[in-house]
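Can you keep this structure in mind? I'll have questions shortly.
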Amino acid sequence: MPGNPKPIDQQLNELARAHRILALNGHVNMTLGHMSWRDPEGRGFWLKRAGLGFEEVGKDDFILLDFDGNKLHGSGERHSEWPIHSEILRARKDVQVSVHSHPLHATIFSGCEATLQGVCHEAVMMADKVAYYNITKGLIRTVEQGRELAGVLGEKSAVLMKNHGMTTCGATIADATLSAIFLEKACNAEIIAAATGFSWSGPDAKDLLLGGAARLDVNPRLSADFWSYFCRRLDVYEKQNSISF
Amino acid sequence: MPGNPKPIDQQLNELARAHRILALNGHVNMTLGHMSWRDPEGRGFWLKRAGLGFEEVGKDDFILLDFDGNKLHGSGERHSEWPIHSEILRARKDVQVSVHSHPLHATIFSGCEATLQGVCHEAVMMADKVAYYNITKGLIRTVEQGRELAGVLGEKSAVLMKNHGMTTCGATIADATLSAIFLEKACNAEIIAAATGFSWSGPDAKDLLLGGAARLDVNPRLSADFWSYFCRRLDVYEKQNSISF
Amino acid sequence: MPGNPKPIDQQLNELARAHRILALNGHVNMTLGHMSWRDPEGRGFWLKRAGLGFEEVGKDDFILLDFDGNKLHGSGERHSEWPIHSEILRARKDVQVSVHSHPLHATIFSGCEATLQGVCHEAVMMADKVAYYNITKGLIRTVEQGRELAGVLGEKSAVLMKNHGMTTCGATIADATLSAIFLEKACNAEIIAAATGFSWSGPDAKDLLLGGAARLDVNPRLSADFWSYFCRRLDVYEKQNSISF
Amino acid sequence: MPGNPKPIDQQLNELARAHRILALNGHVNMTLGHMSWRDPEGRGFWLKRAGLGFEEVGKDDFILLDFDGNKLHGSGERHSEWPIHSEILRARKDVQVSVHSHPLHATIFSGCEATLQGVCHEAVMMADKVAYYNITKGLIRTVEQGRELAGVLGEKSAVLMKNHGMTTCGATIADATLSAIFLEKACNAEIIAAATGFSWSGPDAKDLLLGGAARLDVNPRLSADFWSYFCRRLDVYEKQNSISF
């Protein structure tokens, strides 16, 4: 497997663990939602199979689809929203991983006439990276809808989908997953802030220019720290609850 | 037991498990609430006995009542609200199972001058299937009250009962239970959305016509997937906590 | 011990368990709060000793005080708010048990210009039994303050104390504890209802006259059912977590 | 180690435990946040090393920095916000311990145009001890920024940092940690109160003069009781979950 430092099995194991990390961070919505990973051999992308909750995903729960949605490998049903992934991966050469999920607060926020203001660190980090999609409030089940979604996403790393949920993407499993965790937290915080009826705000453009402002992403070490942290917490949780995959 | 594929014992075990699944999904209110199942031999209906919380219900915790509320079989007290079930089962030949419960958010939502708008998938799925009952804010303890409730329910699959809670119904244990889970989640989401003070909305009529919109119920596989998911989570929960029935 | 069916040790064990039941139902505020029980031999009242959280109270964690606050029996410090109990017990011959606690939602509700409207069953049950005290927002540390509080309480079964918490009372451990649980739940529900911005209401006077309306207390069996339920849940919780006293 | 009653190892163990107590009380934000303790030998201060969540900190996870941020002892990375601690310790000779953290509700409250009114005991205790900092919404990564923060803090025991979090300080590990716990709880309570839309208030100046009003801090025993309580709860939690350090 030249050019790919980790074998596919190892990557799929990490992808499965990312689903379970999302489960510990508010992203479970029954069996809905899925992550994808671009196949390193160029055949298409690996997608979580249908019928499982995020907390149930192991390394063998992925199917390989080509970019037209044909199943090339693996057993299990295809999520009907596979075009979310095919079209983002087609449009964005920098993206290797994509997350689609329905966490409670991001889904509610998506239904509101609101954009992230940056009340907390996570919201500041995500605010200028989020697109807002409302062409349909329903499922993305056609290539055309996937293309529209990818178009709205543009060069951003996340898109809130009206009355539906979110899709995030990134160059690594860590990046895409952290964006999903941050976006749910950000939406939760802004929902709480809005409900107070107080005036509230995030940093303005001038603040953001001042050497990082509330942005943590100026420090390249932090993302690695955060990802290691979530991986360790998953290990502790699964050990304490005698969960193995 | 001709015409009934599963023996009664097996069905009552599934009915008991449905109570415990509801317990894991926000429907516990002390010993209040109950599910019923139409007797396959035409004698009446099986009702959870009084005095138990949803998390405590095993397969032997049901009594068989005729449609006038007379106990035909089983030990334990009859919930005083048995007419909820007798009258819905009388009025709706398609209904085999009914859930009555007092989850926090649905109960609060029932006390508000509000109808579901469909902010999230669960709310969209339930919005046009919910009736709103406010003839009494008290218990349903007479056949006449039960008939009034069934009248308001009509052909829908759920009814919010003002300052009281909800009743759902369906052709299967899975259908009635999923409706109860979705309605509580829907009410919770709309309460949170309303509290933000933001403008917010669900899909409009045109959206709903466009091939499913936010509706998941266009896909017949999903209900089966969801029910299997909740059954597996109950198994995991009870195993982790060494709970057996 | 003529006239007292249960020995004191057994009653103190039940009183300790009531503290732990309150702990499972949102009443923990560090080491603050305490229950009291009228001594069946007429010597005064038994009070939880200071320094323990509700979840930590065992049957030996009570001291016997006379009605002037002098310690007659037991080791451990006296909560400075003992006059809450002495003065309610002096004023109300029907009261055997009193609960003072600081649960989050009742404390917040106490700080608001609001009275319970009865949005859910628990709120309906408590609404006409709650007095509102705001003579001081501080601790009740003198006999005079205790007398004022008892005066505001009058013949009710609970009093919300502004910016402080609640005190409930009853003829039995079960009654006083259930009132405390219901009042916290009621305040939580009304806080959530108010935050929606929707119009909302509980039953009006006419509703309440109609044979019970949303009131559960018309059924004398229910209180016993509820208390048994909470006792069983405590047993399960302590067994699952290997907690023994 | 003349003049210092407890050896450094023992103090660092208590400091580590304080991080884990904060973790149990809502202060975890991935690997962000840190406590410091003034070195009893005058060399500078001990700071939690970077890369760990509060729930992961053991006694060996501290590094000794001088007041210019140079590492004198220990392994591990330095949090970039070390100037928060150096400058508060420089400015306040009475302070031995400082906490910097990002709990959800205090962070949201910091982003609002609001000051604590004292809706519950914890809020009353903190209300006149909190400063409000909004010079930057970003990280405190320079000595000058640290000095500005210490200037805003003045003689208070806590400072809310706009769109960022909180810093508290005290003469002991217990004092600084309790202030952090109280401030998060206070912000949570005031956010909930504000969301109701009810009129609400805390004690006014006259109330506060009346022998303590809602203030618990008039009783010197209470702080010790609270700290012992939180230490015991940590022990129980770690034992129940087989966690050891």
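Chains here go by letter, A, B, C and D, matching the order in which they are written, and residues are numbered from 1 within each.
The rule is simple: a contact is a pair of C-beta atoms (placed from the backbone, for glycine too) under 8 Å apart; a residue touches a chain by one contact, two chains touch by 3 or more.
Given the structure is predicted, the values throughout are model-derived calculations rather than measurements.
Peer 1: Go through the assembly and pull out the chains touching chain B as well as chain C.
Peer 2: Expected: no chain.
Peer 1: If I list every residue number at the interface of chain A and chain B, are over half of them used by both copies, so same, or under half, so different?
Peer 2: Homomeric contact, different residues on each side for the most part.
Peer 1: Averaged over CA atoms, how far is the centre of chain C from the centre of chain D? Could you give it in whole Å?
Peer 2: Result: the chain centres lie 33 Å from each other.
Peer 1: From the C-alpha centre of chain B to that of chain D, how far is it in Å?
Peer 2: Between these chains, centre-to-centre, one finds 46 Å.
Peer 1: Could you check chain B for residues that touch two or more other chains and list them?
Peer 2: Within chain B, the residues that touch at least two other chains are 195, 197.
Peer 1: Which chain C residues qualify as touching chain B in the complex?
Peer 2: 118-121, 124, 188-189, 192-193, 195-203, 207, 210-216, 219, 221-222, 225-226, 228-230, 232-233, 240
Peer 1: Under the stated contact criterion, what part of chain C meets chain D in this complex?
Peer 2: Of all residues in chain C, those touching chain D are 29-32, 50-53, 56, 77, 80, 102, 104-105, 107-108, 111-114, 136-139, 141, 163-164, 191, 194-195, 197, 241-242.
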